[in-house]
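Both of the next two complexes hold subunit A, though its partner changes from subunit B to subunit C.
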Partner chain A sequence: MKKALIIALLAVAAIPLLAAMASMPRFGSPEQPAYTHVASRYLQKGAEEAGADNVVTGVILNYRGFDTNGEVTVIFTACAATAAVLVTSGSRKKEKPGEATVPLSPVVGYVVRLLAPFIALFAFYVVLFGEVSPGGGFQGGTIFAALIIILSVVAGRNVAERVLPARVRPWLQIAGPLSFIAVGTLGAVLTGSYLGFPHARGLLATAMLMGIELGIGIGGATVFASIFWRLGDEP
Partner chain B sequence: MIGALWSNFDYAVSVVLFLIGLYCVIAKNNLIKKFMGLNIMETSVFAFIVAIGVVDRGSAPIMGPGARGPFVNPIPQALILTGIVVAVSTTALALSLIVRVWHQCGTIEADELRELE
Partner chain C sequence: MTIEASRLFDVGLMTLLVLCALAVVRTKDLLAAAIIFSAYSLVMCLVWDHRGAPDVAMTEAAVGAGVTTVLFLLAIGKTVRREK
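And then the complex of A and B:
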């Protein structure tokens, strides 16, 4: 009875939404308003103005740099808030090194150990080639965090934590906002405005973008791995 | 209207996905399932906005030698990239709050939590 009522309510809600979708410009049309204004300029001038061949990276880090600056702060804040909500006394259940948290077949463990260096290499490739190919800091950081998470599931958390030692982890967690502030201040010194990128020196602008990407990648990977570990902690 | 909706099939799919997520949020009793419903709604919005950026026979907006247009719209992709990361952050915070509720109350079923008050 209750379910039928909810489905009827959703059917009523679907009508205006579907009507709005029917009145949108045709899917994939080059004449739609979203494509003809700002986007066409970004596509024409974006590569030389932003210093990155990949226009998406240019939009994220250069045209909308302030937005991304706030957003790397959001993921750091999420990490801090998770740590604040799940306060632990530090008495984590001791596990032997190399012991998996769940029983696994040896094939899984072997394959993960075999693939781990290649996954790490791919993560760094995605981070560093975000300028000229699909990829960037967030994507590469997520791949690296996935590697750390799968290692801590398969090989045990103590093995995975050796990749990100507890001593340097707070600094790595805030690497994203810190690299943004550093590059933004450098831009302020060079061009007079925060997060300004010097147009004339294309190589320098690309190097600055790469610095931010690396910071976002390291910061994102550490934040996601720390959140995963924190969720698994005993209270 | 049906013809117009058929040519905008990709947008209509995201509406259906949105409603599935909304159903989970309303109908499910478990807090984690409710939140996964919210995640499905987020995903439908992401799919919708990325679909706006699609251009017929467009290639990835990566310039350099040999790149030929038309290119797809880079702005929705950039917006959604940041949106996905914020969605991950909210998911992490919500899951940690749910873990906290489970430790404090011993249950994450919404109706049982209401009785505890």
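And then the complex of A and C:
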């Protein structure tokens, strides 16, 4: 009975959705919103206006910079919320430094140790080249966080935590919003509006974009690793 | 790649996506569900890349298939593995 009711309700909800889809322009048609609104301007002038060859980075950090500023703050809030909800004693099972926390095949341990520097290099490449090629701060930061997580599993947390020392970790966690505020204020001084980028394509605009990318990368990586570590703590 | 081959590739990926989504909802073993969800993210990553969005594909692979799965596994480790 309940199931039949749900199916009937879904069917009713599907009718207006399908009707709306039928009234939309066909796939690939020039009438599509993607071709009639701001997108064409982004594609034509994005590279010179936004100061980044990768149009996606230009849109995310320049045209929609304020959006991204909020999103980065949300990521930090997630970290803070995890810390608030999962109150832990801070202690955990005793482990010897350099030893795996779970029983592990020596092949896995060896391969991870062998690949670790290359993964780190790739992460930084993705962060710093987000301006010209696919990628950016968030993607690179997540790759770096994945490296820290796999190191915690293979080599133990004591080794992995040395990458992000506890003393400076709160500052690293908030690196994303902080770099946005710093660059935004710099933009306000230079152009008169928060997060305004100098229009002339030059070293300064690129440096400002890279500053934000680095901040997002370090912040994202630290937030993900911190959430992982906190979930692993003893209650 | 010809348009037909490209379309066929798309249809295959979409079929896999729907199958993965159904499997995630139906399975009672949460560990299996987490792994299937990771596979879903990988297929989604291929869809994004094939649709010309490598930035999103990278995020999907790193966050969807990687970090989220790890967090799910940790959560399962702290609770129970079977859905009631």
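By definition in this document, the second predicted complex is superposed on the first by the 203 of 235 C-alpha atoms of A that agree within 3 Å, B and C clash if a C-alpha of one lies under 4 Å from a C-alpha of the other, contacts with A are read in each partner's own complex, and residues count from 1 in each chain.
Please note the rule applied: a contact is a pair of C-beta atoms (placed from the backbone, for glycine too) under 8 Å apart; a residue touches a chain by one contact, two chains touch by 3 or more.
Note that the structure is predicted; figures quoted are calculated from it, not measured.
In the superposition on chain A, A:Ile149 contacts subunit C only, with no contact to subunit B.
Of the two partner chains, neither subunit B nor subunit C is touched by A:Gly215.
In the superposed pair of complexes, A:Gly135 makes contact with subunit C only, with no contact to subunit B. Set side by side, subunit B and subunit C differ in how many residues of subunit A they touch, and the one touching more is B.
Looking at the shared chain after the overlay, A:Val56 reaches both subunit B and subunit C.
By the document's definition of touching, both partners, subunit B and subunit C, reach A:Ile227.
Of the two partner chains placed by the overlay, only subunit C lies in contact with A:Val126; subunit B stays clear of it. In the superposition on chain A, A:Gly28 contacts subunit B only, with no contact to subunit C. Residue contacts after overlaying the shared chain place A:Thr77 against subunit B, while subunit C stays out of touching range. Using the contact criterion defined above for the overlaid structures, shared-chain residue A:Val85 touches subunit B, although it does not reach subunit C.
Comparing the two complexes, residues 54, 56, 134, 136, 138, 224, 227, 231 of subunit A contact subunit B in one case and subunit C in the other.
Within the complex formed with subunit A, the subunit C residues making contact are 54-55, 57-59, 62-63, 66-67, 70-71, 74-75, 78. Chain contact summary for the complex, subunit A toward subunit B: residues 2-3, 6-7, 9-10, 13-14, 17-19, 21-24, 26-30, 32, 34-35, 38-39, 42-43, 46-47, 53-56, 58-60, 64, 67-68, 71, 74-75, 77-79, 81-82, 85-86, 132-134, 136, 138, 220, 224, 227, 230-231, 235.
Interface of subunit A with subunit C (complex): residues 54, 56-57, 126, 134-136, 138-139, 142-143, 145-146, 149, 224, 227-228, 231-232. By the touch criterion stated above, subunit B contacts subunit A in their complex at residues 1, 4-5, 7-12, 15-16, 18-19, 22-23, 26-27, 51-56, 58, 60-64, 69-71, 73-78, 81-82, 84-86, 88-90, 92-93, 95-97, 99-100, 103.
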